[in-house]
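Which chain is which? They are A, B, C and D, in the order written, and residues in each are numbered from 1.
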Amino acid sequence: LDRGGKDDKSFNSSAFEGANRAKEKLGITLKFVEAADDNAYEGILRSFARRDFDLMIGVGFAQKEAVQKVAVQFPDKHFAIVDSEVQAPNVRSLMFEEHEGAYLVGAIAAMASKSRIIGFVGGMDIPLIRRFAMGYEAGARKIDPGAKVILNFVGITGEAWNNAPKAKELALSQYTGGAEVVFAAAGASNFGVFDAAEERKKLAIGVDSNQNWTKPGFILTSMLKRVDEAVYATILEAQSGKFQGGIRSFGLANQGIGYAVDKYNEKLLTPEIRARVEELKSDILAGKIVVPDFYKTR
Amino acid sequence: MSGKSVQGLLSALFGVLVGLILGLLVVWGAGENPLTVLRILARGAFGSRYDLGMTLFYSTPLIFTGLSVAVVFRAGMFNIGAEGQLTVGTIAAAMAGILLPFLPMPIAPLVAWVCASLAGAAWGAIPGWLRARRGSHEVINTIMLNFVAAGLCSYFALYPLRNLQSQNPETRGIASQFKLAPFPLFEGAPVGWALPLALLMALFVWFLLWRTVIGFEWRAVGLNEVAARAAGIDVARARVGAFAFAGALAGMVGVAEVLGNSGRFRVGFSPEYGFMGIAVALLGRNHPAGVVAAALLLGALHKGAAELDLETDRVTRDLSLVFQGLIILCVSAEGWWFQNRRRKATAGSQKSTGVVPASNSP
Amino acid sequence: MILDELGASTLRVSTPLVFAALGGLYSERAGVVNIALEGMMLVGAFAAAAGTYFAHDPWVGAAAGMASGMSLAAIYALFVISLRANQVVAGTAINILALGLTPLLCKALFEVTSSTPSIPLSDRFHSAPVVAAWILVLVSWIVVQRTPAGLWLRFAGENPDALDSAGVRVNFVRWVAVLISGGLAGLGGASLSLFLSSSFSRNMTAGRGFIALAALIFGKWRPVPAAVACLLFGCFEATQIRLQGITFPGGGSFPVQFVQILPYFLTILVLAGFVGQSRPPRALGLPFRRE
Amino acid sequence: MTGTIPLAVEMRGVIKRFGAATANAGVDLQVARGTIHGIVGENGAGKSTAMNLLFGKYRSDAGEVLLDGNVRRWRSPAEAIAAGIGMVHQHFLLGGPHTALENIILGAEPRRHGFIDTARARADLELLAQAHHLPVPWDTPVDQLPVGIQQRVEILKALYRQARVLILDEPTAVLTPSEADHLLAGLREFVKSGRTVLLVTHKLREVLSWTDQLTVFRAGRTVATLRTKETTAEAVAEKMIGRKVDLKVRWPPGTPTTECLLEVRHLTTAHPGKGLQDISISARAGEIVGIAGVEGNGQSELVRTILSPAEQDLRGGEISWLGTSALRLNSAQVRGLGVASIPEDRISKGLLTEATVQENFILGHQRRSEYSSFGVLKRLAINAAALRVLEDNDVRPADVSVPARVLSGGNQQKLIFGRELHGQPRFIVACQPTRGVDLGAAQFIHEQLVRCRDRGAGVLLVSSELEEILALSDRILVMYGGRIVAEYGRQEATEAELGLRMGGV
């Protein structure tokens, strides 16, 4: 099993958790590796494949090409990739409908914000983060067509995912600008946003894994992207010999995407909000609402 | 001359050795067996044709950036900006491949090469010009320009040239006739014509610096600006020229990356080749041959370290950074080891040489 | 209100810069180029976060940050002062070392390489670093201008030979200066992880050490102007943050990338436009040795 | 030697090497307390090195140093200072942007509550300055002070530390004769109280009229110690050089043509009160025009200005080279007209010390078609030409592949001469051409200049050595305070007259 990309306590840790759970419950051998750069994935996957690893999971879209190449060379091994589509019989692509989740938390944010202003802090301006942003904005507008969404990004290089001080300043400036809820999708920089929420006694929304616990009382909810579930399920199938290639999509429908409600934010999410969100959710599932997807825009 | 360079090589190797030993001590401190780590490093770098290929793949950009830093160093300045220059060069190569799909095969890659070089050169000329004409220091300026380049290029990659088929922050793919196929020898590792190009450039840099008027003038400025100016050399032009040429060299990383590897510009593709280039140039004592050797060493280290995570529990890829840092540190003090030895040697064999001119004694 | 906020933000953002620039000041006035500020800040940020995590007291953390900055500075001083290594090259090496060492240590202590656990609000600094930074600016000004040690410092960078002939050990002065430099840079890092955020994360300095260096040059190697230059760069940053997402009346907006490169771009302009004449200490970058 | 008077300082068999170079090959020196002791020797004889050893600045490789009869081995100047030794260095050791006061008190600052007690320092210094007739503007940054005043600052530095033994390394090089006499008279007072002075100087006149004894250095050794009253200039010179010398060589006069190669009119440059003021010079083919002056009176600026007018801050006037108006030309273009220059400081302005002799030879000629075509250097041609030049100019070793740094000073200078005169320039600007060069090389260099003149080139000779000016020049201009203050024909000038003019009288 391979783990690459930025170690951010939300996205990758989620994958890692899923794998670890598999290790504990299913007794598999687990090995995870962080790659130093985008060109290293291939070598690492290959090393794994050459040894006795049966299933290699590439976490993150950056590994697409590596997985594509190596999967062809090792047709009898199994591969999975998170967040990217690879067409091969022995590769399973684990895709997430982030925009759906973002839509829901956008709606929650708009409902929780009395000022009708909400914020978004993304790590870098890249398509994946734009996808979050677009869904978020649409969800907010659904609740309140006049809602104002402040959209900010932390940086222009990979440092953006680790620049919490900057993220904090961005969030502070958004709170000052009237935002009452800020959605953070910026890797380790998220903590800067949460710190800002804590200091200003405002609300923030976490991303990928459930981050509600990090700042109880200040995190309205977290948009969940159940990479752990996807990974666990994939491992389970591989172990029981039921592995199948192809694209596997995780969205609201199969609980691959969601929003977190737990003891830390029960009080923040009022029953009305929850009811309304559930309503939106079923509308999306029923196809009554089509959430705009940045990947499909021109 | 040759005695001196042999000595230089020896002392650089000595520095590398001391750095490696210190690094292994760190490993040992982290609770791993240093010998195992060394073996993993070696196998990861040279264990198979593919591994060797990947080592060469990493070395190729390092040759370019190392040469880039070395040329500027020879002209008496520091180029901390190879990272920005290579970023600009790479996007230029990608742009050529995307926007000029009508070019036929043999011409297409050449055009992309020229575009990458020119873009890098233009970017490199900026700090050279600022230093020559405005007197502001190139170290700060190149660092700032690295950020500016990152921002501009990510804009191009994400908006005008965005790849709609992918979730990656990257540009569209280049037309196929631009691509340089990898050599089959390396079992699929993306080592192609960029490597011979890099070696050719090393040769060219040597020729330029030591066999041409322009190179001589650059070096003269680097050795003694005042004397060079007094001898009628246009110091400002030399500064800008050396920096522009250095930028072009760094820009050629785009050939390796775009034409030889990914076929597009990807945001964040470089694991800081530009900064590693500083180390490469220093290790290689700012001589093209040394640069090639040092690039191989650091390329191997980078590739080998990727394997560490896989094989050990306690050390990670960050170790390769620690190794790099220690090696550069030790090599930077390398003059000291030798100076002391030389002083001892001369103190022993001293008789009546001395600067006191012979004609002075009766 | 917005202006108020901009001012506060500027003060906050510039605090680590002020510490680091002061650090650079000591080292560079003594004749030692300090590209390594970035690395010293980084280890400072890490040690401060780790120290606070274990001790539940930000002052302990700050002390740890300072100490770790000084340790790295000691390595640097050993190489550039005692072994007379090239200062830019060794400084770059120190930065790389810090970049690699911090995640390794982080992994050793916390089992993850990317960031330390978050520190609760009660264990963090609120305004102390800002105050401390500006007090240190004044202290540095007085030390440099009015004390014997300050005079030695200035001569160590200007004409070390003269200092040596006056009976003061140049390399001792430089060692002390570089150690102070490391301590201050470490504090700068601490203010980053304990004040501007709540944890350490990989490479979190994100070039701030270099910006501090630029501020130092812009401030012509003098404490107060350098600190003011830090404010200026902090202001660029704070403004940049507020410019993001501002839409033009026409409806279009400026690409964020262009806004984000603004501080760097302005730095270049400022250096080219105003500091052309700023003269570094004459012996900056030159190792000293008596025959 | 002088058994009765106690010795203040003694050096026995001291040896000092710098890398491969031996600067002191055996120095024996005895200095009696309460005297002024002269130290003389040619350039590079090792005087400064010996003094620095005494001061703890360098550490000797062998031999011992005694102070008041006790063997001392300092590890740093700090210890020497503590023992009562003060030194005024040949090359000023001043921190440019810092004030005179700061420079003087450095390392011995009076303190109050941990701060520098400026008021007390100032009061102490006022007293000291009055006692020794050395007034200095305390609060001016030293790099804005004229060199004469800088010299005073250096002397005050030593006095302020209450030195019992004061070493002065060429303190008068930048002073006018009258300033020098003033200073030396002050030293007589100084030694009356039992203190001791070691005075290093090139100027035999000073040694003979102000010292009690003198020691001669030659090639890194002490070769004689003489009582001043019992010796003569000729005798001392003979010891310095090691053979009988004619101190006054005069070269035959030149035969100038009417062709005017350099014409400078009313040239004025910036730096208010400091730059060049209304300078007019003309130099014809076939003559050597000498420019005399104490250092720091604008000669360097004049040379800089005429060699690269475009890069200077001109305020008015006209320069023309070989009939071409040159105000907009840079150094490359001036060179292109056939003007060669011998820079005053060969290491910093003339050589690439780390590059090979061959590359140093080609510097400035690299674009000539003999040596490059299509931008590629012609290595064989360069090699051959460089070797020929080395042989013609008697550069030793005649090896083109060694770095220039390994050549001795005189040979480096000969290399520069060979390079600059290569290609038969129409005009040569030579600044301090024999500074730091031994007598043999100096004569060779003079001969070269005369030969150039005789083949019809013009020569502008800038020197602070009066003998050199008098020996070579067909016409002599004197500079003082950025102006030309006097002009003499070949036979009209005397050393005394020039000395006065150089002092601004």
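Just so it is clear, a residue touches a chain if its C-beta (ideal position, glycine included) is under 8 Å from a C-beta of that chain, and two chains touch if they have at least 3 such contacts.
The structure presented is a predicted model; accordingly, all values stated were derived computationally and were not measured.
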item: Between B-D and A-C, the pair joined by more C-beta contacts; value: B-D
item: Most remote chain, CA-based centroid, reference being chain B; value: D
item: Inter-centroid spacing, chain D versus chain A (mean Cα positions, whole Å); value: 74
item: Approximate Å spacing (C-alpha centroids) for the pair chain A, chain C; value: 35
item: Separation of mean Cα positions, chain D and chain C [Å, integer]; value: 44
item: Touching two or more other chains - residue numbers and ranges from chain B; value: 147, 150-151, 154, 158, 316, 320
item: Sequence positions of chain A contacting 2 or more other chains; value: 34, 125, 156
item: Multi-partner residues of chain D (each touching 2 or more other chains); value: 18
item: Every chain pair meeting the contact rule; value: A-B, A-C, B-C, B-D, C-D
item: Complex contact set, residues of chain B against chain D; value: 1, 211-214, 216-217, 219-220, 223-224, 226-234, 342-343, 346-347, 350, 352-362
item: Sites on chain B touched by chain A in the complex; value: 50-51, 54, 57-58, 147, 150-151, 154, 158, 162, 164, 166-169, 188, 190, 261-262, 266-271, 302-303, 305-307, 309-310, 316-317, 320
item: In the complex, chain C residues that touch chain D; value: 142, 146-148, 151-152, 154-155, 158-159, 161-169, 279, 282, 290-291
item: Chain C partner contacts - residues on chain A that touch it in the complex; value: 6-9, 34, 125, 150-153, 155-156, 159, 162-170, 172-173, 176, 188-189, 191-192, 194-195, 198-199, 214
item: Chain B-facing residues of chain C, complex; value: 35, 75, 79, 83-86, 88-90, 92-101, 103-104, 107-108, 113, 207, 210, 213-214, 217, 255, 257-258, 260-261, 264-265, 267-268, 271-273, 275-277
